[in-house]
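Should a chain be cited, it is by its letter among A, B, C, D and E, assigned in written order, with residues numbered from 1 in that chain.
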Amino acid sequence: SSNSSTSGDEGSVEKKTEDDKELVIATGADMVTFDIHDHNTTSTEAIHVNMFNYLVKRGEDGFDPDLAESWENVDDNTWKFKLREGVKFHNGEELTADDVKFTLERVANDNKLLEHGNYSQIKEVKVINDLEFEIITHQPEPALLNRLSRLGSGILPSKYIEEEGWDKFLENPVGTGPYKFVEWKKDDRVVIEANSDYFGEAPKWNKVTFRAIPEDSTRVSELLTGGVDIATNLPPSDWERVKDNEATEVAQGPTQRVMMLVLRQTEGHATSDPKVREAIDLAIDKQAILDSLMEGSGTVTRTRVTPGNTGANEDLYGKTLYDPEKAKQLLKEAGYGDGLELKLSAPNGRYLKDKESAELIQAMLGEVGIDLKLEFLEWSSFADKYASKSFDDMFLIGYGNSMFDAALALDRLSSKQAEGETDYNNPEVDKLLEEAMSNMNAEERAKQYQKAQEIIAEERPQIYLYQLDAVYGVNKGLNFEPRLDEMLYVDDITVK
Amino acid sequence: MKFLIKNILRIIPVLFIISLIVFLLVRVTGDPVSLMLPETATDAERAQLRESLGLNDPLYIQYFTYLGDLITGDFGESFRYNQPALGLVLERLPASFGLAFASMLVATLISIPLGILSAIKRNSFIDLFITGGAVLGKAMPNFWLGIMLILLFSVQLNIFPVSGTGSLMHFVLPAITLGTAIAAEMTRLIRSSMLEILGQEYIRTARSKGLLEAVVVNKHGFRNALIPVVTIMALQTATLIGGTLITETVFSWPGMGQLLIQAVNLRDMAVVQAATFIIALLVIISNLLADLAYRYLDPRIKYD
Amino acid sequence: MRMFSRIEVKKELTLEETKTDKKAYSLKWLKVLLNSKTGTLGLIIVVFMVLMAILANVIAPHDPAQTDVVNRLVPPVWAEGGNPDYILGTDNLGRDILSRIIVGSRVSLLVGISAVFLAGAIGLVLGLISGYYGGFFDRVIMRTVDAFLAIPNILFMLIVLAVIGPSLMTLIFVLGATTWVMYARMVRGETLSIKERDYVRSARAVGAKDIRIISRYILPNIISSFIVIATLNVATTIILESSLSFLGLGIQPPDVSWGLMLSDGREYLATSWWVATFPGVAITITVLGIIFLGDWLRDVLDPKTKTN
Amino acid sequence: MSTSLLQIDDLKVQFKTGEGVVPSVNGVTFSVNEGETVAVVGESGCGKSITSLSILGLVPSPGEISGGTIKFGGKDLLKIKKRELRKLRGNDISMIFQEPMTSLNPVFSIGNQIGEVLRLHQKLDKKQALNKAVEMLDLVGIPDAEKVVSRFPHQLSGGMRQRVMIAMALACNPKLLIADEPTTALDVTIQAQILELIKKLKTDFNTGVIMITHDLGVVAEVADRVVVMYAGEVVEEAPVNELFANPKHPYTKGLLSSIPNVDQVVEELGTIEGSVPNPLNLPKGCKFNPRCPLATERCRKESPVLEEVGPAHQKRCFNV
Amino acid sequence: MTQVKEKKKTLLKVTGLKKHFPVTKGFIKKETIPLKAVDGIDLEIFEGETLGIVGESGCGKSTTGQMMLGLLPPTEGTVTFEGKDLTSLSKEELRRLRKDLQVIFQDPFSSLNPRMTIEQLIGEPLKIHGVMQGKQLRNEVIRLLKTVGLGEHHLKRHPHEFSGGQRQRIGIARALALKPKIIICDEPVSALDVSIQAQILNLLRKLQKEFKLTYVFIAHGLPAVRHISDRVAVMYLGKVVEVADRDSLFEKPIHPYTEALLSAIPIPDPTKRKEHKLLEGDLPNPSNPPSGCRFHTRCPYAQEVCKMKDPELTEYHEGHKAACHFPLQQ
């Protein structure tokens, strides 16, 4: 691109070398809490994963053991697990099935916790012996392993918490992971250090610091000057600069987040006309948005369930529709030949280039004769409106999916959930989603979801724009592979 | 001593009004429930939370409950951190305070010599230059200056650390960022204050004694010019603390400013209230200190 | 103890012979204006900016909202890679920066001026009541002023705007509702001192009512300091608006303001300097102009300096 | 006749203001002898203060001395170096100003302010300076001088402050004391005290005094010689008795007839019609002509010069 | 002289007049101690006369004047104007009465609203009281201007375009506009140059004759007071210490303070240089006045009783009263 006005010698930082056993990672927002069940932010979990372990880990295909050595489906509602032996918490206590029971039942039962909704399917955890236990769900839960390998699934030390209380734990958290807690200075840094007693492979770093640097340009400057080794959420405007710098490079990879327009089909809204919805879809050049705002990174898509997720419909991935002529035609057919005025609400500053995307969308819709009124809302106001389902014609949102399962992604389009928001109501989709929800046959279940996605892509209660990439600035001395789940497993980061 | 007590007593109605303002700002304008609960919460859960937070009571009852809590130092719990809000705020206080102090220091160091210089060289090229500089300093938004300073002094020249805390060096750029606007204001003020003082008869008296011009200006002039400046400096405390909101974000400085911005964004109203209240108290205290300094500097008041 | 028993009769020009019909008087003003280099400069800048705002739609070469994906981040004309279509270059969406600055002047000045008007009106009324009548009102108003002064403006605005959502109207309202205290304080102080002047006593002595005293005696005599402060505050407000934009609570697109442009452009400070620099320059020049003009007004409107 | 201490010759001071050049002092000539009190009288704005400030080089800023000489001890004060002039200030020549309320620095103690001159010119140390300050305060008749040294100006009354000013002025035993309306701001009872004091000190120290005033009563009270100024010029100069008994200039005559006298009541006071001319727009010819009852065509065209009309008596007028 | 006075009718009378200002001590919070600016004054002013009030700065002259005008409510005592007690009138009644009571202030610079033209300034009282308007008003203003020696061409100018003496004339014209019965002149010439003082004093006398005015003439310049007054009251620290007709007071003062005051005046005649009877010290602080006779701290004749007992104002001759334990002449 044309904007490389900076020289390469910005920041005289050295490359990371072998004998440097400390790692500094800059994130855009501080961690929220050490109560693993009471936050729902990916960036917080990205740090937690170094201190806590899940029962199972998502692997290349299927799931890999972590704290659980093995597991099996006893029946539709019962899963039996066996824990790895000799796992110790950072305070020296042994991990037992009681800890698992304590952890999972807490989040399953306490409806005040933010993650409650994702674990309320669990009815109880039955301890068989120190190392064995059963998880019993209310209904058949095909996605249980998905749930157990994500945000909030770390296993907590029951004895420590029961004896010392939550306050103590929050101040001085204890897990089983490769790194131990050192300090958390809010809005400044979280420091963790190697846990020499770790049951797995020995930790690679002596000390890891996660620094919270909210201002983008400051974060980039820290990277360029060597103040940090990795900077998350690198703003596209600075990629060139980071690349041009001798000691730094850009690493990018897809995330679970898909940007979309959510359209209201309620009577009285022009968007209830499928032609109008299609016209909107066709009028937006998604690739152009990616090219101009995100330096081309990101992937256009016509589904929200992207590869890597159970039930992904890969036929709809990487595809996009753009045909402004046809869009005009459709609008004419729908009776809006002389123009149509619509309102789009969008958050400002929540997602990468959300405001700019909306502005581009406005311009593109303008080309086909749709006069788009933009309403930008700062996140909390947006969230208010979102919760009260009171947006007008459409809103821009980017959903993630920490569950890696289509269930979560499509749930919002069931007629029950959609009521008042999109008012999308397709009995066929409803049926597919309903059945898939408790279908323990993985293959068949995936098919049901794929089918639903096809229908949705045609009917467009949501117009998918693109899957966002996560972009990191990385010191050239490091090997760093961005993960789809955006976790920052520091032991995966190595010195070249 | 008496003076102190009286002033502290005078603060009470002010704090009362502040509590009212804060209460109205926070309660009348927003319902925190939707942000406090997960998106999946049911209406019943919302209602229950509203009830348990006392949001269903009439406004004045809510206010009195809130006032009662306030008096006992209870600002409620931050729902973000699940901790008492007051503690969170106090935890951040030292960082913000340090930054504010350093900025005031920078502002003072810059503005006093420049202000005096431009007053004595009134209407000269130097004066124009300094006045222009002061206007420029005022016209630059904080965040812009901060980023520019980082780009220049950290990225290009590699002299100061980019952000964060830890050493004295970390103070330099944020303090300059925050101090510049205040320095600009103060320079202009010292200039005009100095100009007025230099026109006073006692300055002529001092000259007629045969004192060196430097002594006339720095001893007889400056001491007097300082008196209004101290008051304005105190009035700047509010601006200064307001400035930390932005400066702390730019330099990821772990102070109250960042806490507040996030609290506002998340509608963590307990924290917003606690922080606003503490900030107001700080401003009031600094004004009180300024009054004390004023009394010290101006014997006319001391003996009245 | 009152110390000055006799009034200082200061070097007062005895202007008996000066011919001062209206025309000569206004000419003198102009002369005084031209005598002050900075004052003249300030006036020129402010007039220029106001004209620019008024004529924005006519003089802006492009539609300020028109994106041009191909011509994104085009540098200004004189720089390498510049495009004569876009004199000051384009932003990240390919919008013409010059046009945005021209059109942005509207919102920036509108916000600055309206907020000052609002705040000034509130402050003037409350300050007059407080200073003229004193007593209970005065105490309540002054304690309220203290309370407002203790809460930093920007914090106040942050809270209100975050909660009720930023829009042009709320922005003006909130800016006005938080900055009135300065005017109230100043007006009160001046009122208190003018109230004690002999000419107010003399008005009472001839039987003037309070309303008359306030409107004919007090108001005209504080209005000049008031105008000076208000002028200077237009500048402060413009800067404040940009800070609010930084916090995401300023002017919201599709409206454009300099503050918003500056805040959005900060991401490009290191790579495409022109995006943030030009709106910054616009702010700086305007603020400079306003301050120069204000300082000059201070000198001219102050009756003390007028006679000398 | 004693030796001439100060000789001002054809002094000219002008102010360059936005509205034009103000010639506030326009060729003033007079001298002061050792131990002699010369009173300078004239209406407000006639240039009395500016003349006196010129002597110490203290003319305020847009003003500049545009001509003439001021000889003191053989040296022209307008030519000597700044440093030399500073050495004279407060040491050989000192000043008292009109406003005792504002001439003292409010933030320093009395002792500090008096001591400052002593430390500077007499190289006394802090302690000595303070002792000397107490001595001086005693001398000017301040009771409880030890206590007063540590007070601040605002704690003293106007009369006390003026005494402090005098103490300060006399601290280094100056040869010339310039008093610019030292009693105008004071009440009569206090004025009388101060005038007595100045008279006494003059005889004790043989100091030359320039007493600026517009009160002819004060002049009659203290002066040996009188210089009458009008619109930046000296219009008449004479020994005090001669002037009161035998005023020559119409302006002086007018002044003398316009003061009400406690001793005798007249039905109507004599007046000088009109008012002081605008210095930006001075009349042609004799500056006094528009107000002068005797003005002739010549007065409106030509400017009279100061001429001898009797022993040590000069006037600036065409009429005899 | 005395017979003349008999016939005169009392226009304005003050009895037991006091004004105590609450002075806030301490920087911000008040701790009020009363400053006894005026502390029990009885005076009568007869129609057509000029009563001079003299005294040192801060002794309460202006405060007394303000109370006589009803501009300042007294702390105690009454002000009776033509039989009506000003202190008991409503705000509106008082406002209407203002026609008869006018004032000229000391400082010609601060007593005229700088933002009004001369026409507005002089016409305002007439307008306020609805006496006249339009063309008639303007003509009246011009007439008033001429009365005080100014002209029509001054109508549109602003105060700052005039010299001190001219401004004082404007002030006088304004005071005259409503044809008042009494004018309180609060040091109307103190701020003026000698040559101008004489013009104003002459003008005031001329107007008095022409309009049968009654003056209260406040001043600290004794010569001017002697020149213009029929009777003179001498004030010291909020009290009247001596009141008498002019000649009797100046020639045969009874109170030591009056004597000292007279002695302190410099006589504009170098041949009459005299030894002054100097008073010691300054005026004491009015918020903490000396006990007994307030003058005892400076009085050359003071004795023990003076410290203890406050002397009453006693009539020694016809119309000559003084408050002293040891009067100078009996």
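One rule holds for everything that comes next: a contact is a pair of C-beta atoms (placed from the backbone, for glycine too) under 8 Å apart; a residue touches a chain by one contact, two chains touch by 3 or more.
Quantities reported herein were computed from a predicted structural model and do not represent experimental measurements.
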{"item": "Identity of the chain that, by mean CA position, is farthest from subunit D", "value": "A"}
{"item": "Higher-contact pair (C-beta pairs counted), B-C versus B-D", "value": "B-C"}
{"item": "Between subunit D and subunit B, distance of the C-alpha-averaged centres to the nearest whole Å", "value": "51"}
{"item": "Chain centre separation (subunit A, subunit B; CA means) in Å", "value": "38"}
{"item": "Inter-chain centre distance, subunit A versus subunit D - centres from mean C-alpha coordinates, in Å", "value": "88"}
{"item": "Distance from subunit E to subunit C - Cα centre to Cα centre, in angstrom", "value": "47"}
{"item": "Overlap residues in subunit C, where contacts from two or more other chains coincide", "value": "5-6, 9, 12, 14-16, 18, 162-163, 266, 269-270"}
{"item": "Two or more partner chains touched - positions in subunit E", "value": "57, 163-164, 166, 220"}
{"item": "Residues of subunit D whose C-beta touches two or more other chains", "value": "44, 99, 154, 158, 187, 275-276"}
{"item": "Complex interface listing, subunit C residues touching subunit B", "value": "38, 143-144, 146-156, 158-160, 162-164, 235-236, 239, 242-243, 246-247, 259, 262-263, 266, 269-270, 276, 280, 283-284, 287-288, 291-292"}
{"item": "Residues of subunit B that touch subunit C when the two form their complex", "value": "13-15, 17-18, 21-22, 25-26, 29-30, 128, 131-132, 135-136, 138-144, 147-148, 151, 155, 235, 238-239, 241-243, 245-246, 249, 260-261, 264-265, 267, 272, 276, 279-281, 283-284, 287"}
{"item": "Interface residues, subunit A side, partner subunit C - complex", "value": "1-6, 10, 216-217, 220-221, 235, 237-238, 240-241, 288, 291-293, 348-349, 355-356, 358-360, 362-363, 374-378, 380-381"}
{"item": "Subunit A residues within the subunit B interface of the complex", "value": "10-12, 30, 32-33, 35, 38, 40, 111, 114-117, 170, 185-189, 211-215, 217-218, 221-222, 224-225, 227, 378-380, 383-384, 386-388"}
{"item": "Complex interface listing, subunit C residues touching subunit A", "value": "65-67, 69, 72-75, 81, 92-94, 161-163, 165-166, 248-249, 252-254, 266-273"}
